[in-house]
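Next, two complexes with chain A in common: one pairs it with chain B, the other with chain C.
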Partner chain A sequence: MIDVAADFTRYPGGRFRSDGKFSGQRFRDDYLVPKLREANELKIILDGTMGYGSSFLEEAFGGLARLDEFAAQDLATRLILETSDPSLRAEIIEYLTAARH
Partner chain B sequence: MRPGRTIYVRVEAPASLDLFGRADLRSAASHLLSRIRRHSRRANVGIRLDLSRVVEIWSPTALMIRAEIDRAIAGTRVAKPFLCVRPDDDRMDEVFAQIGLYDSIDEPCEVNSDRDDVKHWRLATGVLSEGEQGGSMLESYKGRLADRLERGLYEGIVEAMTNTVHHAYEGSHGNRLRHMIGKRWWLLSQERDGLLTVAICDLGIGIAESLPRSGTFTVDAVRQFLKGNGLSSNDANAIRAAVELGNTRTKIAGRGRGLHDIVEAANLSAGGSVMIGSNRGVFTVADGKSYARNFDDSVRGTIIWWVVRIADNEQDGA
Partner chain C sequence: MLKSSSTSPQLVIEVRPDPRKDDYKGFDFASVLPALVGGLIVILGWRVVEHYARKRERRTDLRESLKILEATVDDIVEVATKFYQITGKNPDAPTLATLIKSKIQSLNPLILLISDSGVTVDATEELKLFRQAVTGGNFESASRGASPAKSAKYVKMEAAGQNLVQAIRLATFKTLIIRTKQA
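Up next, the complex of A and B:
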């Protein structure tokens, strides 16, 4: 499980590591990828942060689907997205799906 | 003049500082920015900034003035680049103190404002897309902004920072503009009469120049958008293209959503609005409608500002 606000930051930032400390790229490479290597399902608690810019989300989740390491079509079921905001879940699914095309 | 001796050029601010309203006020305020920019690049020249006549200022304009002064200070070799004649108007004096202008030009100042319409001005600047500065600014209004609106503003601010860091200072032109300041943004919030204004700006190349090179949308997509809508190629329509292509084309692998997040935040507040100014153009979205406008002169950068309703602060009795 990853609780973004508790384990990563309350203030998600930009796309790349060069953008700042709490980028989508860092979240993907240092949090999502190692956890997905350990378990088939990964629960991600998205509430508790100030919000997520689309660049952060696209790089973290779209970028995850673009990696060769994971079967992109499985990610939407392996990632259990816990959020009170349905539009956030929809946006992440959109990035996971779009990255496969 | 002996080598190295500084001479000071007087640069007078107009009474009303408003870059994004009436055309005549825009012209006077942009002339002020232009003179600061021009004189700060001259060897052995300092600026005597005369603010004595200023009686009103809009927060987006205050932000751009502060940004231009920061860049002037960073780029000059003059030991004391600014002298200052402070406003006769006490409230204006307090506003300039509140946004840190006097501190930035090393002007001694002991002013601390208790006025409700001044003490809530907050300013931050940085060169990375890190949300903490914007997030903590918004957290100071905790409980007074609806959760979804707070989140929307945060997401808009972070995307604006990311756009600045990725695109605003690109190319050889951008490289010159960021000399000594980096890929810098400035952020300001102001609360007044039940409205919260949040503004973020850069001094980069502008959206019309950055959009085709950003890779977010292809040059053809932008061209087709303008042609399909019978729009000419200008700054306001470039902003419109960045907003409207971002609204309709969200599935772009490896790319963001243009200005989509930025506009979305304004739609989360009844009566909310967002204005995006870039070089000569201004694009406004309010109440589900959009308006584009071009001025004769350029602000030489990009600014985005949101205006949303905020609940009363009972502690202030406001």
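Up next, the complex of A and C:
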């Protein structure tokens, strides 16, 4: 499980590492990828932060699906997204599925 | 009294009123009926007034929530316009970016609040598109340059914001019209 606010930061932002300490690239490479290597399912708690930018989400989740390491079609089911905002879930699913093609 | 005449003996039965009857005071429904009817009318009237007062209150709350949502969307577009007019290296950029993200995040609880008022709102797609229009691409990138005043970026943000507001406004009015028809 990854609680973004508790385990990563309350202020996620930026696409690449060069954009800041808590970028989508860093979240993907240092948190999502190692956890997905360990477990088949990964719960991600998205609530509790000060908000997400689409650039962060696209790089973290779209970038994850673009990696050759994981079957892109499985990611939408392997990642269990916990959020009170349905639009956030919809956006992440969009990035996971769009990156397949 | 028996008489020894040709006539047959007669039994005389004298009916006297029951002396207890004067003391008996039973429930006189007729005398309390006007008071009962009056009381019932008062209670019913009170219930009707209360019902309509609550309805008006709900409608006011709903309109107020809608106004807050519209003002928040306008505010986001305004702050985002300022944000894109400066470069990613500008020291104000991180603060504005955080402000934009937290304001966008506050929209979902507002939509939920409107939904709690009985309005069937599904603005998932519109909210997602608005977030993407404002915070997509090179948002928060240090290498981002300032967007010119006539950039299509501003039009896209404004349009996505209006699309979100319109979706919620339509859902709200639809509910209010249905409620009026049912009343």
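The rule is simple: the second predicted complex is superposed on the first by the 101 of 101 C-alpha atoms of A that agree within 3 Å, B and C clash if a C-alpha of one lies under 4 Å from a C-alpha of the other, contacts with A are read in each partner's own complex, and residues count from 1 in each chain.
Simple rule for what comes next: contacts are C-beta pairs under 8 Å (C-beta built on N, C-alpha and C of every residue); 3 or more make two chains touch, one makes a residue touch a chain.
Small disclaimer: the values here were computed from a predicted structure and weren't measured.
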Fit or clash - chain C, chain B, common chain A: clash
Partner chain in contact with A:94 - chain B first, chain C second, else both or neither: both
Partner chain(s) touched by A:73 [first = chain B, second = chain C, both, neither]: neither
Contacts of A:21 with chain B and chain C, given as first, second, both or neither: first
Touching partner for A:86 - first (chain B), second (chain C), both, neither: second
Which superposed partner A:55 touches (first chain B, second chain C, both, neither): both
Touching partner for A:11 - first (chain B), second (chain C), both, neither: both
Segment of chain B intruding into chain C (one of 63-71, 99-107, 153-161 or 189-197): 153-161
Overlapping contact positions on chain A, where the chain C interface meets the chain B interface: 11, 13-15, 18-20, 50-56, 58, 85, 94
Residues of chain B that touch chain A when the two form their complex: 128-132, 134-135, 138-139, 148, 150-152, 154-155, 158-159, 161-162, 165-166, 250-257, 260-261
For the chain A and chain B complex, residues of the former touching the latter: 9-15, 18-23, 50-56, 58, 62-63, 66, 85, 94, 97-99, 101
In the complex, chain A residues that touch chain C: 11, 13-16, 18-20, 49-56, 58, 84-88, 90-91, 94
Chain C residues touching chain A - in the complex, by the definition given at the top: 94, 97-98, 100-105, 108-109, 112, 123-125, 127-128, 131-132, 134-143
